[in-house]
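Labels run A, B, C and D following the written order; every chain starts at residue 1.
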Amino acid sequence: MSSSRPLRLALFGSGRIGQVHARNLAADPDIELVLIADPFIDAARALASQTGARAVQDPEEVFAAQDLDGVIIGSPTNTHVDLMTRAAERGLAVLCEKPIDLDLDTVLACRDRVKNATAPIMLGFNRRFDPGFAAVNARVEAGEIGPLEQLTIISRDPAPAPRGYLETSGGIFRDMTIHDLDMARFFVPDIVEVTAVGANQFSDDIRELGDYDSVVVTLRGRGGELISITNSRHCSYGYDQRLEAFGPEGMLEARNLTPTAVRKHDASGTELQDPIMNFFLERYAEAYRLELQAFAQAIRSGTTPSPGFADGLAALVLADAAVESAQNGKTVTVEQIW
Amino acid sequence: MSSSRPLRLALFGSGRIGQVHARNLAADPDIELVLIADPFIDAARALASQTGARAVQDPEEVFAAQDLDGVIIGSPTNTHVDLMTRAAERGLAVLCEKPIDLDLDTVLACRDRVKNATAPIMLGFNRRFDPGFAAVNARVEAGEIGPLEQLTIISRDPAPAPRGYLETSGGIFRDMTIHDLDMARFFVPDIVEVTAVGANQFSDDIRELGDYDSVVVTLRGRGGELISITNSRHCSYGYDQRLEAFGPEGMLEARNLTPTAVRKHDASGTELQDPIMNFFLERYAEAYRLELQAFAQAIRSGTTPSPGFADGLAALVLADAAVESAQNGKTVTVEQIW
Amino acid sequence: MSSSRPLRLALFGSGRIGQVHARNLAADPDIELVLIADPFIDAARALASQTGARAVQDPEEVFAAQDLDGVIIGSPTNTHVDLMTRAAERGLAVLCEKPIDLDLDTVLACRDRVKNATAPIMLGFNRRFDPGFAAVNARVEAGEIGPLEQLTIISRDPAPAPRGYLETSGGIFRDMTIHDLDMARFFVPDIVEVTAVGANQFSDDIRELGDYDSVVVTLRGRGGELISITNSRHCSYGYDQRLEAFGPEGMLEARNLTPTAVRKHDASGTELQDPIMNFFLERYAEAYRLELQAFAQAIRSGTTPSPGFADGLAALVLADAAVESAQNGKTVTVEQIW
Amino acid sequence: MSSSRPLRLALFGSGRIGQVHARNLAADPDIELVLIADPFIDAARALASQTGARAVQDPEEVFAAQDLDGVIIGSPTNTHVDLMTRAAERGLAVLCEKPIDLDLDTVLACRDRVKNATAPIMLGFNRRFDPGFAAVNARVEAGEIGPLEQLTIISRDPAPAPRGYLETSGGIFRDMTIHDLDMARFFVPDIVEVTAVGANQFSDDIRELGDYDSVVVTLRGRGGELISITNSRHCSYGYDQRLEAFGPEGMLEARNLTPTAVRKHDASGTELQDPIMNFFLERYAEAYRLELQAFAQAIRSGTTPSPGFADGLAALVLADAAVESAQNGKTVTVEQIW
């Protein structure tokens, strides 16, 4: 594909994540956001007016549009498989927010239908594009610490989502830990065992839903790598997002981000930094921008994007294994179906 | 002025700093970069083609343009006074890179000609817009450390400019320290004394030009505040840009910036951060963006921008005092002519 | 007991740990180190000559000594139970290095014999006395972060012990993790579940011994607290000893220690600290001193020391559970026998 | 001198600094503190009873004692010259607290009388023995950053001394800055110019005494090195003691010390460290211990100690120059009389 004209993209969904993508698309001179589709047409129109796109209510209008290069799926989870399948069948590139679906069989069925897709399918595991995590990953790949032996991921949300969201979220492993499972696979693609422990520490809502508000997951990679994930659904000091990669020659850690490098010193203590970023869209603002660039690059070059469909499938397999392990108190061996 | 249409701006200069402004203007949906003027018309054209502007060779074409709201002066220093004066006389808002001029009498004469300007005149002391320095300033203003007593500014360039640039730079105090003198005035506008010491530590070029490559300047504010500025024309670890504000109730410091929050630990030591940003356009990228927003805001609201002409004048007065102090080994009392 | 005369203590063992205790005892004006017993009498004599003690070969000479207040057992593990039992039966206070024994039944039998001891029995889990860990523990106890929800312990040795030591060490869980299990119990005394995963990442020696060189252990406290322990038998950047305590109102972390607060900045990066301390005796030097003071204080005041016999037993029970969990891939429920 | 017997030392002064030395001497098995002399005999007795020394009221008893190797002078400043002179004339080694005297002529006269002393004379500039400052100094000497170009010293006391002390202190330059002047000379022994600026920012007492509570001093070394010293007589966050050494190949900084490496993270911010040490005896506890070792080593080896008499003289010359510079608003050229 020539780079002589901007890419023409459509967006499904004008909610929180759709707005992030729409604004990033609008600021990129090499991409034209043509259509925004949302059953809530008012929301689509509001976003369209800010970004020079046209709002449509019916997804069919997207699939009928001429000269479209690809779609970004930021609509609710239960629409992902249908929209992805139809887009792929029309030869459109797809960037789909995670998860593909909460049900493994549905994802497997979807896989069969998109396996002959000619255009790239990319999964929205945005954290792979975070400059800090990406830098650690690249430096590990470059051999800076020798072969990876241990990976410690700490990931805490500022506060639980509303109960309505939690009820359809698929549970902490499929909704929240899934990002960390993908981060684990960013470093160690080949995971063979999952051991998970869950607890109810503070949220009655979550307890009533039969879910955990706090979990620790241990993964084993095929090469014997040990990965530890610690999650909590709340965190008073912001959106705690850190990791440490350990190998025989050293350790690389990605720390939390603060808005400035200002430090305060007073009678109560020294080196106090600003609070860390509290909101995922702010914390991962740069990651969302870079993710979009990677998607555009995959379309233009015709290469397979990363993370792709198989990564979305793999993360769900690991999340399901974590559910099983936590419930049964057993380590679960993972069958590598991706 | 209504915000119903984008601001229409022209840019003088398509060199390094002009390119920064042009790209920031192009990315702002509320601003239209109409014209780029440069005697080197090829450079102007190249930049114009990337930013949707029209390139012109003759400044007159800018002043003849219809519906222009303001100009950004990023051309060589010796053109600043002429372009600023003519723009102001035509009722155009002006954002002028520092310094106004290297000669105090020229600046004073310019002041007389622009004193009745109806549109805002803003000086490009971009560091006031750096999020870290601005946060410290705002927190000091808010009383977080009590009345400011001491301000320590450390500012080192990665490497000396080429000899050709140095020859016309006006010397370290007027070219480099001037930024720190303005930063001092950002915290303590009313400076009454300047004491400067200079040295030749590493650059034969600079020595031959009769200039210093390394200086320490002490300022006294009217309220007894003591400000210490340390400069070097080289710095192996990047663009060292830090400050500390000290008061009876605490100290606030703005540290250097690194591209990520990654830390390395190995046998040679721990907590190694990435190198700090090495280039002023990268280090102050956000400051340049915010400066432009402040300029646009001043035009739209018709308010006096900060820093303004008087700040450009004041910084030059302090730089001249530093030259005199360093040469004579005496503290110089500053006459407040701004 | 009056504090009018120094405590009179004897030391079993003049090896590495014995030397630490002997020097700390010699530097404490309120304690008199009377005897050092070691079958390797030359070693005992060398140490005795530096510390003003008398060297003896036969433990009987210790038990026959007059006016002794207590003993410190720093001899090999397989002598602990016998020496502790005999000392307790003679009314001597005991500070015994961990572990009490590697065999649970032996420890339980020992418990029966010392349960009526009149003098204090203290276990040498020195890390509880580390000023950093102790400060975090005290601040958690004081409610600074609310009820503890998650505890993350990272503990890595600089290098594996020699094969000869490893062969009799009882394996990584009973030899190395046991310190972290006790640290977990320092924060959450009542552990109800152990889940452990082990790997062989770098040491052929350890693999051949049927042991792991790298483990991750998850504990659950009775209150639902989740504790994660990450261990490695090697660490290129020193003796990695950190923990993080997380609660609803904040997080407290204890970082590694470096000999000075010097930082290096150069072209390769910034904020490089000195290497962290590499050797457990250096890293925990202050902890060993404070442990000894706590022991002396327990003797003088007649109070029960902490950690005590039950803590030594509990750590072994947890280590045994970790062995079982890692071998069987199952979470092990812990019977609270301590 | 043989190391076969402990050094026998006497101490003048049982005040705050005398107590530090006495306790360090008592804990060193290779030194015997024989006598403590103080006109306040009760204080001397109290300290003597804790350290195994004998208390005397009259200094003559010290000079009459047999087998003494040296004295430590921790009595008031106005006794230093007399005690030092008499000790030197009797062949005793001397460790004298700073300053030798507040009057330059008195110091010069003293120099004439001790110039033929056979035993070492050492000055108590304890900060040279601080592990952090000493490490930076050693690494600069080893060439780690290339030739030193700039040294930035920030030194702030927690709070002003009582008015009674201030009245006889000799003023901020001779009482407080003198430590930093010596620190400057630790890095750049050959200082050729002093430029000082003083201010009255908060203390009416200090203003009434005609002294400054806040100063900035710039020194120039013979090699063109620039040294900046910032002092304040108060500091809300503790005893602020830092320095940065800058050269063409990098920068080394010594940061403040905190009692532990614990960090707090909560809604108000992250990475909050404990307050820095607030009291000079606590902050420089290790420095005092190492200073004493260096003194003992100089006695045993018969080598010239560092810092020595000339360093005490030089610091006073620089302090006098700072007084003159601050009063006259001129850079003062220093005559190298040491």
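By our rule, a contact is a pair of C-beta atoms (placed from the backbone, for glycine too) under 8 Å apart; a residue touches a chain by one contact, two chains touch by 3 or more.
Computed from a predicted model, the values in this text were never measured in an experiment.
A count of C-beta contacts for the chain pairs B-D and A-B puts B-D on top.
Relative to chain D, the chain whose mean Cα position lies farthest away is A. Centroids built from CA atoms put chain B at 40 Å from chain A. The distance from the centre of chain A to the centre of chain D, each centre being the mean of the chain's C-alpha atoms, comes to 58 Å. Spacing of chain B relative to chain D, judged by their CA centroids, is 42 angstrom. Residue positions of chain D touching 2 or more other chains, listed in rising order: 236-237, 249-251, 256, 263-267, 274. Under the stated contact rule, the graph of chain-to-chain touches is complete, every pair of chains being in contact.
Listed in rising order, the residues of chain C touching chain B in the complex are 236-238, 256, 258, 263-276. Residues 149-150, 152, 154, 156, 193, 195, 197, 199-202, 214-216, 218, 220, 224-226, 228, 230, 232, 234-237, 240, 244, 246, 248-251, 329-331 of chain C are the ones that touch chain A when the two sit in their complex.
Per the touch definition, chain C reaches chain D in the complex via residues 26-27, 29, 131-132, 135-136, 139, 144-145, 249-257, 259-267, 274.
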